[in-house]
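Here it is, the structure in full.
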Amino acid sequence: MSSFFQIIENIVKAMIFPGLLYATAGGLLLAGLDRKIIARMQRRVGPPVLQPTYDFLKLCGKETIVPHVANKPVFLAAPFVGYVSLVVMMLLIPIGGYSAFSGKADLIVILYLLTIPAVAMIVGGSASGSPFAGIGISREMVTMMAYELPLIIVFLSVAKLVGGDSMNFSLQDITAWQEQNGPVIFSLSMIPAAIAMLLIIPAEVGMQPFDVAEAETEICEGPLVEYSGFPLGMFKLGTAVRIFVMTSLFTSLFLGGITSGIHIGWTVCGVYVGDLLVRGLIHFAICAVITLLCMTFIHAITARLKIEHLFKFYWTVVAGLSLISLILVWIGV
Amino acid sequence: MFKKMIAAAGAKSPWIYHINTGSCNGCDIELVAVLTPRYDAERFGFKLAGTPRHADIVVVSGPVTSQSKERLIRTLEQVPEPKVVVTLGSCPKSGNVFKGSYSIECPVDKYTHVDVSIAGCTPKPEAIIEGLYTAAQILKEKRREMK
Amino acid sequence: MNYTHFPVISVMGLFLGAFLVEVFGSKNKYIRNTIVLLITTCAAGLMLYLVKPVFIDGQIISYWMGNWEPVEGYAIGIGYEIDALGMFFVILTVLTIWLAAVYSIKYMEKDSHLGHYYTLFLMLSGSVLGLVCTGDIFNMFVMIEIMTFAAVALTAFRNKKGAHLEAAFKYLVVGCVGSGFTLAGIVLLYMQCHTLNMAQLASILHGNLTPVSVLALALMFTGFGVKSFIVPFHAPAADAYMSAPTSISMVFSGIVNKAGVYGMIRLLFVVFRVMDISSVQIMVVLFGVVTMFIGVTMALAQHDFKRLLAFHSISQIGYVITAVGICSMKGVVSGLFHAANHTLFKGLLFLCAGAVLYSTGTADLDKLGGLSKKMPKTTICFLIGAFSISGLPPFNGFASKWMIYQSLYDKAVTTGNFFYIFALVCAVVVSVMTLASFIKVTQAVFFGQTPAALKETHEVPFLMRLPMWIMSLLCVGCGIFYRFTGNNLLLPAMKSTFNITSYIDKMMGEGTAAASGIENITIHAETGFEYWEPVIWLVLFVTVLLAVFIVTLIGRRDRGKVLSTKEEADGKYATFFSGEKSSHSHVAGSDLFWGFKRNWKGYFNVMQKFHSGNVNDYSLMAVCCCALVIVFTYIVLL
Amino acid sequence: MVPFARVALSNLFKKPSTRNFPRENVEAKPGYRGRIAYYGDKCRNCGMCVKVCSPGAITRTVTETPEGKDIAFEFDLTSCTFCGMCQDFCDEKAIELTADYHMAATDHKDLITSGVAHIRVPKGQLVCGEDCVYCTLCARKCPEGAITVDRTEKIWSVDHEKCTKCGTCVSACPKKALSFGE
């Protein structure tokens, strides 16, 4: 009987919190917020915060045209794989002190899981057979090569700071460490790594100025050029969830444990829910919005880079920043 | 179940694809002006799409030169239903001052059903917003009628 | 049943088969195929029977040829000895041989002189199997020689093109340089120890490294390095893998270079036992890192399918060498795991390349395109292989790479050496670049638009697809149930790598190891499998996918329709090309990754000079490298 | 990048500069040439507007009636360049380009300005009186080029075939010498 309840509980986790519904709703809200904030930075009114939701719903209603050169099954399946893998990633990231399945994957697994949606987009675009998509996937891949180097260094420096002399890639342990010792970002040596991570997130989610792969003005949105209707909506949804996943990851890596002293809680039906609400959700929401604000700010003040400049930028400036952190942590500052 | 939501969302998120069929560029810059902070068509969810596959509203400007005719037809076909065709300025409807030229194949009506035409040479951005807004409402109706 | 005879029966059976094929099968293809399949199946069956005694019962199988048992403590006969490490490589070998034999039947159909082909193939198989079974170092050398010459002949098998002969020549020259080093090393060893049995060598050499044996170590290390094609001996590999028939390329990449790796492990861990010296570890890891990096960057620049795969083979061997060089338990486990995975996914990829070559007649990435519609099953297999090699969860490549990263990090924090962190970062970047170059192949060969010349392409026959499916299933299975593989295959193999007392005792009699002071170390069962649960991930993935799918189904009526067409179309179903008439416009392999190539121009220019194609240069590189290794080992070991 | 950053940050706390257009109507600037208005009662069917219209956006249909002609004018706004030439050339100010720019319509008819001029055509033919000073204004104004004036020989002549009896010359004559004779 208990195993039955456990299955139900796990399904609820996967479907509602922190799974499908939470990830999707949060992602759509953050994406809408991004568009709203950037509009305000440009002195515009901007679209409503629910605009990404409208976009998705509208795309559901559109026809889907599969080009005759495309490989139909791959073309149609790719967006689903990308979206679902992102939702599953959300389950693996601890929220505040609460973790649904986060003990099941560590930082390096997360690093690799993050490539799945990108590969889904690449394969989908490639399957569409469009030459624009060909250029797009090439750029997407170069972007990926560019940011992966600094990203692994950032992860290593966090792991070293938290783990000390033992190996520790577990996100759960990193969160627990922050509950004890305060946020990672408060230690001086980690500030460059945090900046590097903030510069990596826009490339990861395909946001300006690092959206060379989906440049709609030069290469007609790259891999997405032939997508229409529901699959396109799935991709847009995936991008929204990716923003949420990345901001959550940043929060658990760098901004955890700020609210560790606060205990406001009450018991509902024998379950203590307050800590999750305050330390998990509210803290997460605020941190996610702050992270988003940084990204949007970069978005607002820059123009799109060229692909070779992007590569150089990540392998010199961003990798340099993260390397400074790693060396500082290594020598124990 | 979702039909009403989808139809309602259709009017709130119309994505525009802009085809220039030999326009003098006047209408084109005005269309871009619509997205500037002063006019900010993004309030209504308008967005310029990079490819016809993403588009709901196709905005045609220019007098359809014989070189661009085929491309126009092809691009219009590639837009998924429901779609709305909007002509921008006088040229696509009539050829304007180029009327009667050997290289002009206007009007656009010959090739597709034009849902909204925005007159003006060039139209004022407000007029364009008005026209696009009308187009968005038509889009909603079309979505509702679709099975 | 007395199964101690099985190894020698298998090896000799394969050699006998080679003879029989030449005698009876050179004219009639049915007889030929029957002999080949029978012999390989028998060899595989006999060897796989030994899985139970070796892995489950923990036995070591020894066999003295002609019953020449040691006399007065000195081994004078040739002894076969299979411990878990050897058995691990035996499994890889027989699997690859069998699949390659099945694949060859259809794949080689169109060629002539197939009797010679199968003769060489069976000789190659027999020699590799003999190499991993043998307990005698000179026998090992003999097997290496047979292996090299069979491989050289097979490289030149399709000798219509000059390039194939040239490749064979390069392989021959550089391979012989390597064999020469190995032989010189063996001679020196024999001079010092007066024996050729590895178990006895291990007991004699323990704590007894003289300048002679160190020189032998350096020479043999270089020799096996040449056989496993690590940088800077990798150049002939690319040519050879490209020129050989694809079924043979698969054998090359699956087991021939693994034989070199096996030799290295045997040498460093068992015979000389020098791996606990940190400088040696760093040297091996450095070799590994350089190999994986140069391999992958060169692969990015290739525009031939098989050549690209060849460079990836080099790069993946780099991972194995790195992991083995860490010399922690986790490191050896992950290295062996990656070796197995590499055999699986690289074999699969070579088979896919072969399928493409079979159907289209070309492997040039710039001439192919859009094959996924013509060869959907090959495409699925290729994608599984590509995702495995690029380390996408939950495929097997990810599991082993992830363990390699963990062991590198572990090593870095326990020794405090920043070099391992550098190696770790390098490994991650190489992994992304691997993904990049397979995206390149995916786009250039399987997706995109089909050139007019390839309109009539068809899917390959079932007999060719069968090995591909088996490999794909193993790739997925090893990835998802990696703990099962780890606990049942890798841990025993790793234990036998570190604990060699029973290896010595079984061969030379009880107490030999103890007499020379070799002791077992304690092995922790813990290998760092904690933080990755592919099964849970997969279950979650499927659950969420189902949920999304159900919602999609509920809203099916309200959704827009999916429209598609089978015919050539202009207009609605054509790809969008700014309204232009849809014509063939395929983004081919060399068009990709511009931003990357531009930034790395200087590096690629240097690499171009490095790969001069001149066999003199390659031999010189091998000799120089050997000299450096000798100097280095003398400095750190004496 | 620093100035951009400063602007972006300060904008975040400023009111948006967007006009709330569809809810609050925005008037066009004076001098804007928008929708054409046509006043049929002022028109005298001289046809000057049709002649000067470069895209040929103006169509004129003539129907004969007992007391004269009904001239229906149609200004096709989807064909118009809004250059204002017709307005400039209309002596009677019967055409006006208003500041109304709301010219987006689903129906083509909404983009056509039309009007009818009821013209009473004089019975008699155009004659020149004694007061003529041969200033040639009437010839220059005549839309049909029906009048020829020779200043040196002091001859005024009219081609009755071409004359449409629009009366432009009559109102243009400074000496009031022209009239339609009984």
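In this document, chain identifiers A, B, C and D correspond to the written order of the chains, with residue numbering beginning at 1 in each.
One rule holds for everything that comes next: contacts are C-beta pairs under 8 Å (C-beta built on N, C-alpha and C of every residue); 3 or more make two chains touch, one makes a residue touch a chain.
Keep in mind the model is a prediction, meaning the values are calculated, not measured.
Interface comparison, A-D versus A-B: the pair with the greater number of contacting C-beta pairs is A-B. Separating the CA-averaged centres of chain A and chain D is a span of 63 Å. Distance between chain A and chain C, defined via averaged C-alpha coordinates, is recorded as 35 Å. Taking each chain's centre as the average of its CA atoms, chain B and chain C sit 58 Å apart. Along chain A, residues 39, 42-46, 60-65, 132, 220, 225-226, 229 each make contact with two or more other chains. Residues of chain C found to touch two or more other chains are 555, 558-560, 572, 574, 576, 578. Along chain D, residues 16-18 each make contact with two or more other chains. In terms of which chains touch, the assembly is arranged in some other way, matching none of the line, ring, star or all-to-all patterns. Screening every pair of chains for touch gives A-B, A-C, A-D, B-C, B-D. Chain contact summary for the complex, chain B toward chain C: residues 1-3, 6, 19, 51-53, 68, 70-75, 77-78, 80-81, 146. Note for the complex: chain C touches chain B at residues 554-555, 557-560, 570-572, 574, 576, 578-581. Residue ranges on chain A touching chain D, taken from their complex, read 37, 39-46, 297, 300-302. By the touch criterion stated above, chain A contacts chain B in their complex at residues 35, 39, 42-48, 51, 53-58, 60-65, 132, 215-217, 219-221, 224-229, 232.
Taken in their complex, chain B has these residues touching chain A: 2, 5-10, 12-15, 37, 40, 42-45, 48-51, 53-54, 56, 78, 80-82, 143, 146.
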